[in-house]
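First chain written, first letter: the chains are A, B and C, and each begins at residue 1.
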Amino acid sequence: MLTHADNELLCRVGPATPMGDYFRRFWLPACLPDEVTLDGPPIRIRILGEDLLAFRTSDGTVGLVGDHCPHRGASLFFGRNEEGGLRCVYHGWKFDTSGACVDMPNEPAESDFRTKVKAVAYPCQEWGGLLWTYMGPSHLAPQLPQLEWARVPADHRRLGRWIHQASWLQVLEGDIDSSHSMFLHRALDPDLQQRSRRFGVLNDRAPRLSVQPTDYGFVYGGRYRTVDEGIFNWRLTQWMLPSHTMIASKQFPVGGRVYVPVDDEHVNIFNYRYHPERPLSDQELAFIETPLGSPRRERSTLTLADGRRVDTWRLLANRDNDYLIDRDRQRTGNYTGILGIQEQDKAMTESMGSIVNRSQEHLGTSDVAIIAARRRLLRAVRDLQQGLEPAIAAMGDAYRVRSFDVLTSAEDLQEVVAKHQADLVAIA
Amino acid sequence: MLTHADNELLCRVGPATPMGDYFRRFWLPACLPDEVTLDGPPIRIRILGEDLLAFRTSDGTVGLVGDHCPHRGASLFFGRNEEGGLRCVYHGWKFDTSGACVDMPNEPAESDFRTKVKAVAYPCQEWGGLLWTYMGPSHLAPQLPQLEWARVPADHRRLGRWIHQASWLQVLEGDIDSSHSMFLHRALDPDLQQRSRRFGVLNDRAPRLSVQPTDYGFVYGGRYRTVDEGIFNWRLTQWMLPSHTMIASKQFPVGGRVYVPVDDEHVNIFNYRYHPERPLSDQELAFIETPLGSPRRERSTLTLADGRRVDTWRLLANRDNDYLIDRDRQRTGNYTGILGIQEQDKAMTESMGSIVNRSQEHLGTSDVAIIAARRRLLRAVRDLQQGLEPAIAAMGDAYRVRSFDVLTSAEDLQEVVAKHQADLVAIA
Amino acid sequence: MLTHADNELLCRVGPATPMGDYFRRFWLPACLPDEVTLDGPPIRIRILGEDLLAFRTSDGTVGLVGDHCPHRGASLFFGRNEEGGLRCVYHGWKFDTSGACVDMPNEPAESDFRTKVKAVAYPCQEWGGLLWTYMGPSHLAPQLPQLEWARVPADHRRLGRWIHQASWLQVLEGDIDSSHSMFLHRALDPDLQQRSRRFGVLNDRAPRLSVQPTDYGFVYGGRYRTVDEGIFNWRLTQWMLPSHTMIASKQFPVGGRVYVPVDDEHVNIFNYRYHPERPLSDQELAFIETPLGSPRRERSTLTLADGRRVDTWRLLANRDNDYLIDRDRQRTGNYTGILGIQEQDKAMTESMGSIVNRSQEHLGTSDVAIIAARRRLLRAVRDLQQGLEPAIAAMGDAYRVRSFDVLTSAEDLQEVVAKHQADLVAIA
């Protein structure tokens, strides 16, 4: 449960909001690298409530600039991507990837004032198969997070991006909420149950959940009973500030997600699967292409409520079609009648409303990680409001962690973590 | 004419509004019984601004619960209707029709706190071929209104439900406004005129209208000239609090409507036709199926302005297609060029805007019933604001009334009512 | 650059706004005459935020009345156009073109109060091939502007109307912004370049621009270098209050536009082409029908954000389809990849957002006319707020001006204007 004020504090992410400022202290994924082609058209992205355009110049550099031309506000989306810059088609002003105005051809030479004009522009880096940007004060630019999936060679991983129509936090919370798997993602028919084992859906529906704070967020552990008395299946995962999650398994390839707020009511999901030590096999890649392996989605230009259009991917199962729920399937096929793990998650988190009213919740011990994450975020945001910069932003190597699962007689999380410290560290 | 403040007072019906509180003192139709099937999927209903789900358990009981799971707010619409309750597919919490949490399977036994959790739930009763609910304080639950159409056997009546995109009050006002029939619903060609006589469309376009207050609302009378000097056709109907209307005729089957606000800007219409003494004949039922007998409509899931989806019926003729107006038909076929009585009414009341600006009206003697109803509602709402509960809510038998029409030399309404008291009383 | 307050002052045009009041001092085009047919259905127009209906009576008179019946607010759009008036189909009240209630058939004779009821109504005049209206105080009604294109015989001109989804001012500003032509409208392939010469697209991309104030607005001149040293191509055009523009050319047929705000976020464009001395030739008319000659458009009923529907024309290339931009065409065909001059303009001005944020602009010498127009409008609006009526409104003959272009050695605008005073005056 959160007060309305605390809920607003965590969910509002636009310019000059406390949570927006906090996100602006980290490198954030913006899009997939192949969405912007050499000298190709810019794509429209909204991040933290700001409308931006990503484009790739002839030499491969990626620019991320504000949508509106600083001259009179026409959209640079219609612009020409020309030799190192984006040129507005209204009057031909050209901006390089740093936002500098490098040509102002409609002004006579003596009145050219290009040096006084600067487009909004944010630095971009390709890292781990994604394009990342940093939207905060330049003197505070942090290290890139040294996530294991980002450090491995490209053929060790598979990445995807799509949009959810809900606040970033409630979508992220679904990932630090182990107990829902045994319900939401449960298969009912034998065939589906067989296949769903791949996702580690176990039979203990009420695991003991606990959290151990770390520099970078927390380790989150679920203790599941097994058929052997006194032996537990411990599943450990990690939450890394501000919005990195991973699935609790040591069975590679394993997956996870990074959440980047589009605005207060939408979030971009960057989904990864990777193997730390070898390329993904043909069989693994084939599975990833199935509906159970990846959500079925289409490249789509969405018109947001304020009329702005963004280029993204949209799941075929969405709010407008009730996530293609099939009530017959729900009776005999799987628990929800909705196909696909990600689609099931989406149905839940979007159906809460754009920004869920957290003052009406009833949280239990199963929500321990959610409670811990909110507290941590509230503290971090308030620290920043007081002028205390987030230390973690400077510690790229702190992100070299892993999820893990093990059979053990250990009863509490501290004991498991102490015993298996090495298994929680990334090798790549 | 109403001040802006009074207009707001009558049109705002959400939780904690004065008019919303007033409606919450009455049993209100929620949906048709066959919309919820044994163990079938829940349907989404909005009543008085609250998002609810109706579902029918294995034993036939109907539950009406809040849309959002009390745990973390996921929609129970995606839930599983299982043995006496609706189970959230997120974490398996299950709620019975009273809103009690009867299972909390994702919590370990020692932390189970189901007794502390209660879903929003409202009592439901099947009555008169509709499902009714009561959303007010339980200790004030009133009697069901003993409407004649509700008391007759099922084969004596025919019922329908659909939605209008306008405030409840302006749609209801169309039913206590006799003089519009001679215009809006007038047929122009001989064939249509012949058929429209079934609806009692007469030739006096300026009837004398008067109102006589009653416990339950008022009797409303229209005095129409006839071909015989000194003989009037008196048509009497009744308005019952808060929103019951009927067509003024003693020719059975006769019809009427009950209005239940969806929210400030939408209303559910429950339309009835019935015969008090015998089943509807095959011929009558066949007529009801024609476009003149019932509006052409389709089962539809509408997405409301705030993104919420509701399951309802939508008329095929609606605002988006200008009610299928045919200007040629308007010249020679009927007065409006729009087919169907209900469609014609809908075009008028929706075209006023979602909430009509009543401060700019020019009311005449033809609007006497509308003026009387507003005054009565304002008084009732203000009484309730002062703590005076509506007496009528406790008087179910007060609703045992009828409409009526007669040829008589009586000049005023009091005289007609006095002479024909018995005809205004229901027999069923 | 404008402050937020000044921007609001110029862009808000509804009833009782300063700019709205200013526009209400002028005759404004409302629609094309053939949109309203003898005894035909009314069409829905929004002007300056007011919802109106235009209709033509049996004798050819055009009425422009408020959408909502003064009785109870039903839309007169569904009304019957009958012998000199529009009759509401709800209760048969009839209004003539002056807004007088001329029939109130649902009231008994003794309570008829038609003389107390007046519908909103504005005077209409057919002028220059358009229907014009005046929405200001009747005692201040000005002369019709004696624009040359309006004074010529009908076969000397061609007119069109369509809607843009942006504030009137930013769309108008595109017409007093000469330097964009050399970019936005530039053809790249030889064939297109050849054709685009018709629009006077020259090769000097940084003309010297200057403005000379006049009674009616200003003369705006662009000085373009030519292949001959010391010889300039001067292109002069005129801006007339409140929103008349023309293309700078003496090559007839020449065109221009009149802007009439629909509301704060939409504008109706009235586009003209004319020859002052002779009918347009078959060849000219054929060209006008091509995509380069006129924007491809369709008769369309648009539903505005508040649910109101308006009857207008919509360009096939619009915001929802990114103006049919073709990135391949943009590489080799024309500068934007968008087909059509008007479509290119629309893409720019709409992409700024509904009301562009002028506090973030960076204006240069190329924006001299835009700066001058804003200053002039701000002064005029403030004068009116102080009670000083716009003198120009009374001076219909002041509009008898022309655009012009010439090869000359004159260096500044005053010199050109002085030398060519006669060429800037209309002859028709």
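Quick note on the criterion: a contact is a pair of C-beta atoms (placed from the backbone, for glycine too) under 8 Å apart; a residue touches a chain by one contact, two chains touch by 3 or more.
Note that this is a predicted model, so its numbers are computed, not measured.
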| item | value |
| --- | --- |
| Angular offset of subunit A relative to subunit C [C-alpha, multiple of 5 degrees] | 120 |
| Interface composition of copies subunit B and subunit C: same or different, split at half | different |
| Length of the line joining the C-alpha centres of subunit B and subunit C, rounded to whole Å | 47 |
| Contacts with two or more other chains, residues of subunit B listed in rising order | none |
| Parts of subunit B lying in touch with subunit C, wherever the complex brings them together | 170, 173, 179-180, 182-184, 205-208, 319-320, 322-323, 325, 327, 330, 335-338, 344, 347-349, 351-354, 356-358, 360-367, 370 |
| List of subunit C residues in touch with subunit B within their complex | 40-41, 68, 70-75, 77-78, 80, 89-92, 104-109, 111, 113, 116-117, 301, 303, 307, 309 |
